[in-house]
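Going by the order they are written in, the chains are A, B, C, D, E and F; count residues from 1 in each one.
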Amino acid sequence: MRENSLAIRKFSDLANPTRFLALAARVLPWLAVLTVLFFAVGLWLSFTTEGDYQQGETVRIMYVHVPAAWLSMMCYTVMAISALGTLVWRHPLADVSAKAAAPIGASFTFLALVTGSLWGKPMWGTWWVWDARLTSVFVLFLMYLGLMALNRAMEDPARSARVSAVLVLVGFVNIPIIKFSVEWWNTLHQPASVMRLDGPTIDPEFLWPLMVMAIAFTLLFFSLHIAAMRNEIWRRRVTSLRRQAARNAGRESLVP
Amino acid sequence: MSHAAYVLSSYAVAVATVVGLVLWVVGDGRARQRELKALEAAGIRRRSAEATGGEST
Amino acid sequence: MIALFFRDLKLSVRAGGGAMIGVLFFMTIVAVIPFGVGPDLNLLARIGPAILWIGALLASLLGLDRLFQAEREDGSLDLLLMQETPLLLTVFVKCAAHWAATGLPLVVASPFLGLFMNMDEVAIGATVVTLLAGTPAITFIGAVGAAVAVALPRGGLLVSILVLPLAVPVLIFGVSAVYAAIQDPAPFLPPFMILMAITLFFAVIGPVAAAAALRHSAD
Amino acid sequence: MIALFFRDLKLSVRAGGGAMIGVLFFMTIVAVIPFGVGPDLNLLARIGPAILWIGALLASLLGLDRLFQAEREDGSLDLLLMQETPLLLTVFVKCAAHWAATGLPLVVASPFLGLFMNMDEVAIGATVVTLLAGTPAITFIGAVGAAVAVALPRGGLLVSILVLPLAVPVLIFGVSAVYAAIQDPAPFLPPFMILMAITLFFAVIGPVAAAAALRHSAD
Amino acid sequence: MRLLVEGLSARRGEELIFNDISFALAAGEALLVTGPNGSGKSTLLRVLAGLLAAESGSLLLVDAPAGFEHPRELSHYLGHRNAMKRELTVEENLSFWQRFLGDSPGGSGIDLAAAAEAVGLAGISHLPFGYLSAGQQRRMAMAKLLVAYRPIWILDEPTAALDAGADRLFSGLVADHLARGGIVIAATHQPLGIGRAQTLQMTGFVH
Amino acid sequence: MRLLVEGLSARRGEELIFNDISFALAAGEALLVTGPNGSGKSTLLRVLAGLLAAESGSLLLVDAPAGFEHPRELSHYLGHRNAMKRELTVEENLSFWQRFLGDSPGGSGIDLAAAAEAVGLAGISHLPFGYLSAGQQRRMAMAKLLVAYRPIWILDEPTAALDAGADRLFSGLVADHLARGGIVIAATHQPLGIGRAQTLQMTGFVH
């Protein structure tokens, strides 16, 4: 009787991830194909459109820099929602999602930082300044790495999940700071020109490649995220299977 | 450095990062699947998997 | 509780050399910075408060990671967790002992180091007062990091990483209170009050969070 | 011996340490500094080398004290002491592993952090070279302290009095070599040679002293 | 006072370690937990001491002093590690725990010298704890049970490292505690020499 | 190979712990060191293992392989602590010791899987050591004795925390080692189930 209830409990726990795996297997190929398509078009557009009269060739950096910067923030938002899922709804996949997103977000943030620096050298004459926007993005990068380190350091996922969820939520204050830093403090950095309430103010010449690249990056993020979540689920299964094997193997010799 | 160099290096960094990320995710997945296969070959299966008649993947 | 306070104090004096290493490290930092900025006394005096604050922040990191780890390794943590005295209070007292053993000596040493940095009396006084008000906050924040990392065998660096970002507001308001005291137009009180508020805030939140983390870490 | 090296490396990577954490810690420190001294690029460039060196010192100190203590607490130290391989070599390998896990990543990361501190190419190059030459010395000095700490159950104080004063010359010659490289009149080589000499000296003396201390620590 | 345990189960990581453990102990009764290595004895004791959360089941105190809901607040726990600091002297260690733990209602601890005497180690309490032999350390950890009163003792392999004389001495301490209406729960591989005691044989959770 | 011990004495701090201990062990012989807590068993073993300096007396190896002067270089020492890292897996721990210790001349260690099998814990060597129960940890520490060959085993209370089955298993291991010409010196409070063995009763130094 009790044995039975245990099995059902376990089953309902795992049902969700199992369904997720099936879904992922169905969706991933399509996502991958779409991503590649959008990247092809986006790259073609970004190298064929005209340069800016002010910034010259360097404006092409924008097509990488801006999507990467957006994605770095969006990825953290996804993590924050997952953290809520862990803490409030205790959804079994939420923790997996947060954990899988961290390295991806760190990569996008890294890209935003590097391309921004590479843009800053010709435009501002320096690789780096400690203004609000740049500093807050740097802090975002540190937070991603810190969360990754914490996740790695704690062996037991059940235990690390809640701690890192709390940290993710605390760190979320940084996102509005990044977004609005250009308006709250005067900085060297460009104010928003695409994502604003009164519509984009940017020349459509640049808007098209930017948009296509942004979509491509977003698709890339989702494909990677789903794949990484799948890996994480598999990883947990391997661990629990190994323990189970261990206990059964140990038991035969234990029972006198 | 000329401006083109800045543009090219940022694209190069972008490509390198993205390719690295994709390779890591794919490689990680392969490794995990190998481990699962090995465990399965050793005759260890999840209890719930048995109950539901196996995995879909 | 008083027993816990004195035991921890005794331990850090006897075993860790906590007080000394913090002060020595502090002195090392203050000794090295002048090499960077050169013998320009004015500049030294100007950045002095900031350097002292950064030094104090970094010095408090030393030894912080062992706050709960040492208790866990010899099994004391189990007993601390079991008592009806709220864990909160236990953590608070441990923080207080840690601060008394490492933070307080830093505060006491800071006037002398201020002299080395060619700071004037007002600046020194303001630094001492802000350090006195601000360093407890660093300890309380650190306790959270230490509690999160209690299960990690060598949490040292990880604890610092968790702690430093949270300690940034303390640093900002501490330093700006000192500068406000030196430069005439800016008033000293507002940033100082904020500093006090931050300390009080973390004195409450820190032990709560650390206690929660410890409860979950038991295995 | 190679086994020991890799075990220690693995341990520090596994146990919430490791290359990434060291770099992350370093980046966190660098990110905290502008909050203290303000975002003045010139000033940052001037104190940059000193900050990087202090960060390296701090990163090496955190966790170094546990180098032998952790081995002692779980009984491994006994086995290390019993082998016919000279203890000297064992200590040296443990130091090397510690340096590879915490010192080396810092050296590798320092150019990027130099960019954040607005340092120019020469300063960055000089910092990397001096860190590469100097950080091993800190590890070797720290090993002596760690060994003495194991030997004296109640001798914590002695460790700090021992380690930091010995590390200060390393820090000073390292930093002044960097400044010599930047500022024209002063030549780079003399302080750098001294730094190298210090490192070589401690690479020999450190393990010898640590091994001697460990032999006497057995109880 | 009675301790009622109903349908307790606990897990470590993903694995269920034991399932559906029930027992009831009245004042003056002892429970011996036995079973092979890795069968979950220590885990059970840690759940009883409130150090691990139970997966399901309930722990109940009947007729307990007012204000105590969980047995952990009325328990001594002696685990594999002794919870004493090597750097402090035995006396400092014991007096710290005496003052920190305080007495539970219904009894009072004995003073340090008497406790050291009771574990057969009078006169060495000025030594640093780290200077004692393994068995002496274990005995001193037992003295900790005496300096502050707790009705329930939860003991994990208390007699490991003890010599035969100390074994007897220890069964005397336990018998005294039971006679004064205490409750003892001990995990052990060796007979503890406690007269009448319930036993609980752990088998581990069989899948 | 023979181990000759003549008139050994040792002190801890100021105190003489034991005085004038002599014995001789030939290949295939075992010595059981018994005595009450604090009588100096562990101290004696640490002196034999070269971890403490003897106050006076001599330790001699006769017919030992060339180049080994002190028994410590030919000995395994299993103390109260297991010398394994909680963070590493059992396998990593064992393989580290295997490679670090190497084999003494005259024999060779068995491989990791076989050693884990020999202590009855095959199949859990990929778990972090810290996840094991106290008895499982102790068993794995014994597996360490098997993965690298040493003719002399110095064991300090090897069977503390072991269940009855493991006790039997351990006496089997010791008997095997003796049969292959090894030497075993063990301090213990419980009978170890080793057939013929010399015993040495420590009394502590009486002033």
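In this text, a residue touches a chain if its C-beta (ideal position, glycine included) is under 8 Å from a C-beta of that chain, and two chains touch if they have at least 3 such contacts.
Chain-to-protein mapping (UniProt): A = Heme exporter protein C; B = Heme exporter protein D; C, D = Heme exporter protein B; E, F = Heme ABC exporter, ATP-binding protein CcmA.
For clarity, every value in this text was computed on a predicted model and none was experimentally measured.
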Mind listing the touching groups among the other chains when chain A isn't counted?
B | C, D, E, F
Those chains which touch chain F and also touch chain B
A
How many steps does it take, at the fewest, to get from chain C to chain E if each step moves to a chain that touches the one before?
1
Determine which of the two chain pairs, A-D or D-F, is joined by the larger number of C-beta pairs in contact.
D-F
Equivalent-chain rotation between chain D and chain C, CA atoms, steps of 5 degrees
175
Taking each chain's centre as the mean of its CA atoms, which one is farthest from the centre of chain D?
E
What is the chain whose Cα centroid lies farthest from the Cα centroid of chain A?
F
Chain F against chain E, contact positions shared by both copies (same if over half, else different):
same
Taking each chain's centre as the mean of its CA atoms, chain A sits from chain C at a distance in Å of 34
Where the centres are mean C-alpha positions, what is the separation of chain B from chain E, in Å?
49
Gap in Å, rounded to a whole number, between the CA centres of chain F and chain A:
53
Multi-chain contacts in chain E, i.e. residues touching at least two other chains, fall at 12-13, 36-39, 80, 86-87, 207
Junction residues of chain B - those touching two or more other chains
47
Chain C touches at least 2 other chains through residues 14-15, 73, 149, 152-153, 155, 158, 161, 165
Listed in rising order, chain F residues that touch chain D in their complex are 12, 46, 49-52, 68, 72-73, 75, 77, 79-88, 92, 95-97, 99-101
In the complex with chain C, residue positions of chain A that touch it
139, 142-143, 146, 149-150, 153-154, 159, 162-163, 166-167
Touching chain A in the complex, chain F uses residues 120-124, 126-128, 136, 164-165
Under the stated contact criterion, what part of chain C meets chain D in this complex?
13-18, 20-21, 24-25, 28-29, 31-33, 35-38, 43, 47, 50-51, 53-54, 57-58, 61-62, 65, 73, 149, 152-158, 160-161, 164-165, 167-168, 171-172, 175
Please give the residue numbers of chain F that touch chain E in the complex, ascending.
12-13, 35-38, 41-43, 80, 131-136, 139, 157, 160-166, 189-190
